[in-house]
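Once you've had a glance at the structure underneath, I'll fire off some questions.
In order of appearance the chains are A, B, C and D, and numbering begins at 1 in each one.
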Amino acid sequence: MTPPPPAPAKPIGIAVIGAGYWGPNLVRNFQASPAFRLRWLCDLDADRAQRVLGGYSTVQVTTQLDEVLADPDVDAVAIATPAGTHLPIALAALRAGKHVLVEKPLAATYEEGRQLVDEAAERGLTLMCDHTYCYTPAVLRIRELLHAGELGELHFLDSVRINLGLVQRDIDVVWDLAPHDLSIIDFVLPPGVRPTAVAAHGADGIGAGRACVAYLTLQLSNGGIAHIHVNWLSPVKVRTAIFGGSKRTLVWDDLNPSQRLAVYDRGVDVASPEELEDEQRRDILISYRSGDMIAPALNEREALRTMVEEYARAITTGEPALTDGRAGLRVLEILQAASVSLAEGGTMIKLDEGQQA
Amino acid sequence: MTPPPPAPAKPIGIAVIGAGYWGPNLVRNFQASPAFRLRWLCDLDADRAQRVLGGYSTVQVTTQLDEVLADPDVDAVAIATPAGTHLPIALAALRAGKHVLVEKPLAATYEEGRQLVDEAAERGLTLMCDHTYCYTPAVLRIRELLHAGELGELHFLDSVRINLGLVQRDIDVVWDLAPHDLSIIDFVLPPGVRPTAVAAHGADGIGAGRACVAYLTLQLSNGGIAHIHVNWLSPVKVRTAIFGGSKRTLVWDDLNPSQRLAVYDRGVDVASPEELEDEQRRDILISYRSGDMIAPALNEREALRTMVEEYARAITTGEPALTDGRAGLRVLEILQAASVSLAEGGTMIKLDEGQQA
Amino acid sequence: MTPPPPAPAKPIGIAVIGAGYWGPNLVRNFQASPAFRLRWLCDLDADRAQRVLGGYSTVQVTTQLDEVLADPDVDAVAIATPAGTHLPIALAALRAGKHVLVEKPLAATYEEGRQLVDEAAERGLTLMCDHTYCYTPAVLRIRELLHAGELGELHFLDSVRINLGLVQRDIDVVWDLAPHDLSIIDFVLPPGVRPTAVAAHGADGIGAGRACVAYLTLQLSNGGIAHIHVNWLSPVKVRTAIFGGSKRTLVWDDLNPSQRLAVYDRGVDVASPEELEDEQRRDILISYRSGDMIAPALNEREALRTMVEEYARAITTGEPALTDGRAGLRVLEILQAASVSLAEGGTMIKLDEGQQA
Amino acid sequence: MTPPPPAPAKPIGIAVIGAGYWGPNLVRNFQASPAFRLRWLCDLDADRAQRVLGGYSTVQVTTQLDEVLADPDVDAVAIATPAGTHLPIALAALRAGKHVLVEKPLAATYEEGRQLVDEAAERGLTLMCDHTYCYTPAVLRIRELLHAGELGELHFLDSVRINLGLVQRDIDVVWDLAPHDLSIIDFVLPPGVRPTAVAAHGADGIGAGRACVAYLTLQLSNGGIAHIHVNWLSPVKVRTAIFGGSKRTLVWDDLNPSQRLAVYDRGVDVASPEELEDEQRRDILISYRSGDMIAPALNEREALRTMVEEYARAITTGEPALTDGRAGLRVLEILQAASVSLAEGGTMIKLDEGQQA
């Protein structure tokens, strides 16, 4: 990714909306960034907001969004409220001329997300989605490797994100966890390769009223397959993804800090089709490579810090953020199609957005 | 499982048919068992058979199945030839009055498998399927735990079997690897819980002419879900299964000899439905247990040794083997349905056998 | 450990001295504790101190220790400066009537440490050593298990703490890393078991002018052995300790968050000596237990938060902290003896303090 | 290592002496090797020997060593009996003109080992020590890397070999397990680097009458350090060695089949001494490399198979085996010095042999 710009002469005035689970992380990172000046923390519960700031802070607390949006020193907002409230809050902010960062998912529905994208485009404001994982050193490196063709053609992608998670009241495990995997896939796939269809299977073993375990299968435009396993009920935590390419295969194990990425130069080679004369000879033409594995050195840097810098870059330059509103929209389209598939017992649902974008 | 019977007065005369990949393991284990006397190793390639026996053996080699079946000292055969040849060889053996053990899968199709089951039943002979994994100490213990209700109700089962595998000439990755997972599932599921439908997705990234990566989703009769990931293209080897129950969750990592099984007493509890008054209260009624993990001590014993003893027990007592022909048939039905689903792009295919058995 | 006391009516006024590597962690945790009110951050470099506090803080910065000690609202200090400066700073604070918390090691020498212990005792002030690891949930549990006799008699203790570490300018790897292991050993050993002698071997492979790799062997008063491997040059990070007991063995792997502790109920049993008639029968009298392993559930709680609460408890109640000055002194005695041994090529050096304390 | 020679026109007649723990492995591998013809299995217990061969073997059994040595078809023997019997058996074999392979350790004492080396040299016969680990693909690769200077200068070597082991009746844990580590160290150290002294610490926690836990520290002739931890009482199995070099560091984890070797290109660099002006500048001159890790592809080959081929090569060519009698002697010298150190409480004992060899 492009290097962060020099800190602007005057820091960007920012307000964080929402002091729940994610808000404190945004507060901490905006405070640490020289590119921003944190003006407000806004939450319906003023005590909660004050607790997040602690007893030694000069940042202002309010329960009134209007007050924040009326402040001319606020150039931008960061929204970390439940998905169902993203549309009204973000829309109000955009209409007040503020740049907007939204926690994933971009909105509660594809249609709502599209409203936000259109509104921001119309007004020439930055709309960015906080797809945090995309800014981890590991995912940034994966993107580099895939875009540079280091793995060759991508044949399969297998992502597992399971652990004992909070059973959400309003959304199922697909909407809770899969945005992470889908935003990563959207981020790292090389130009020209997009998901074209999705099927979803799930189960609600515990009678929670919504899927607690789910599997998504995505067809890719290059004939490959991507598969996602999300699960709230696993007592063991697994966060692994395998990117199987024609030249190399990459394994990402996010819970192994000493070896998050491993690139295997071993695999299966097949002679190109024109060399094949008949079906019977095929087995001769498949060979195995037993090569080395390289675990690239990664720096350890908090993803949110990089995300915050990217937000500053997008605001300052007017260029779209790496995970802009459109990226959030592509993720929403797949989530919505997955919900349809889940309801229909696993039908493969075609995607439109993927093709256009 | 029941203890092995005392070695019979006279050992069972056995012949191994097939000296390819799996045959040598059968040869070694039958030779080591006091319950059997190995009479013949039969293969179309006599040199290969002799190489398997080595230069110091008194066991006879032949290329003629007839010669083996005509030997009155041969009471039983063990067939380790390609699946396509199981039907004629096993049928000939049964018709010659020999007990039959067949390498997985039982036959090339469900219909062929049924012929074998019927023929053996009619003649009162043992027909057993070498579902080797079922006889590992780990799987035997999983069966015990599930049958005893130690995990509670089974909510989900997630099985991963991936590594750089030989791309087979005649079968896809589902028929090559999934028989292991399906036979294990058949073996460990408690009475009353059966697969009722299966859907399969796959991809042939490398142009091998058949699926090299595949995902199977099984609906279980208790509302649970079972999912299998099989893959020939992964440079990392994974053999893990998670059995998520209402009381406990079990994780089997077959590549971790020091801790193959782990039983987690942590999970999500939901108050029973009758206690629920309305949807809004549900989030209060879900609670989390953060309990200990127990890794049970397992003895280390070669699965094939236990399998060979079970074959002797079935022959001697006339009782069905733990993995008898019908078990092989149930696996074949799912494989066949999975192939249909794969061809149809992932349709969920209903299963009949599972319901009856 | 005892539960934290109710927050006092008036919070304890605290000042942090030193804004280097460790100071920011103290600042953050004192700010988060209702038992304390952070008044000052003091550092010779005011800019560094201000950077630690960030741009939104109401905490005062100073470069003058005198100013801090003269403030009647300051009841206690926390010192996170280089070890060589601990004596003058802590002594000044005690003489100003302030309670004192000191980063490990307590002082640069045993003699200096003793001065601090004596001064604090004389004045009836709390002197506590920030042996942070002792307050991790894992070490607190290990202490419980050892004190309750759950492992039986401790036979051996093997601690490994290696990774690519900063080669310090003024101290060797023993003084840099071993205080962690020695303070943990001091903390968890059951009453009556103490180190009685220490030998040290080391090497300065890279020509740094001081040992970068070292091994400490401690004789325990019960006949057992404790061994510590500290190493600045290892590209792999290992933080493991094995506590081998007569009944059970405990393994602590601090880098495995999902299974930090594992208690093995397997081991070697020996019939008690009185049952032995002669040497030749001994091999019959040794037997092996192949039992289960239990990984106890641990809560995830920041150690410094618990340490800060313990400091508040000690100040409020006047009771010695769990890691009081005397604990720091016992660690210093071993470090000093280890340095002598290292210089003499590995001689076993007797310890006095261990016996008395 | 050099490629195996073409199988000789006439296979080498071989007899295995000892059908206990290790003998069966030798029997299996000599039978599988075209370079050898297994003539006899000799054991004081004929039934045990027959059980090892099984019920289908043409190999002869005897309880009489004389009978074996008198057989002109026997060119060589392989001795897998307790160490105390190596001298008389090997001496008798050499005097009968047979080549001799001896299980580790070469003999019960250095003096006995020297007798064997001298006798073999005098008679021009092959004397080889079965240092099996040296023939694993991993150790062969480590040797290559160290001899080629790929790691730079060796600074430290840390070897851990612990698990629940059989408490031996006649020897302590040093003599039981450390021969593996010492033979590996002897095998891989580059020319010119040798152990020059050894110190040993141990404990007999369980009252077994001999050390069950021990630590060996070896000084190396290049100023480096090697350290060995051997332990019979650990319920967890660890077999790891770290080779820390000036350029790279290698980690060998023998229990991780998918990644046995890892070469880290990260570490600490120090400017060369001549560039240093004064002590104060040293901290500027130490820098850290944060490089990639490479896990080299290794073939999976049974070490004993390679060892057996090396025995054939040594016999056929008359050249010393890679692990010849002198290698066994160097290991014996260190073991004997370690025993002296252990008895003296950890004194550093100088080695002679290392310097000469």
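What we mean here is this: contacts are C-beta pairs under 8 Å (C-beta built on N, C-alpha and C of every residue); 3 or more make two chains touch, one makes a residue touch a chain.
These numbers were taken from a predicted model, which means no experiment stands behind them.
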Listed pair (A-D, C-D or B-D) duplicating the A-B contact set, over half by residue number: C-D
Identity of the chain that, by mean CA position, is farthest from chain D: A
Computed distance of Cα centres, chain C from chain B, in Å: 52
Chain A and chain C: spacing of chain centres that average the CA atoms, whole Å: 41
In chain A, residues with contacts to at least two other chains: 236, 262, 266, 293
Topology of the chain contact graph, where touching chains are joined (line, ring, star, complete, other): complete
Chain B-touching residues of chain C, taken from the complex the two chains share: 259, 262, 266, 290-297, 299
Residue ranges of chain C in contact with chain A within the complex: 31-32, 37-38, 54-59, 236-237, 255, 257-258
Touching residues (chain side chain A, partner chain B) in the complex: 153, 155-156, 158, 164, 167, 169, 199, 201-203, 205-209, 212-213, 215, 217, 223-225, 227, 229, 231-236, 242, 244, 246, 249, 251, 262, 264, 266-268, 270, 273, 279, 282-283, 286, 288, 293, 345-348
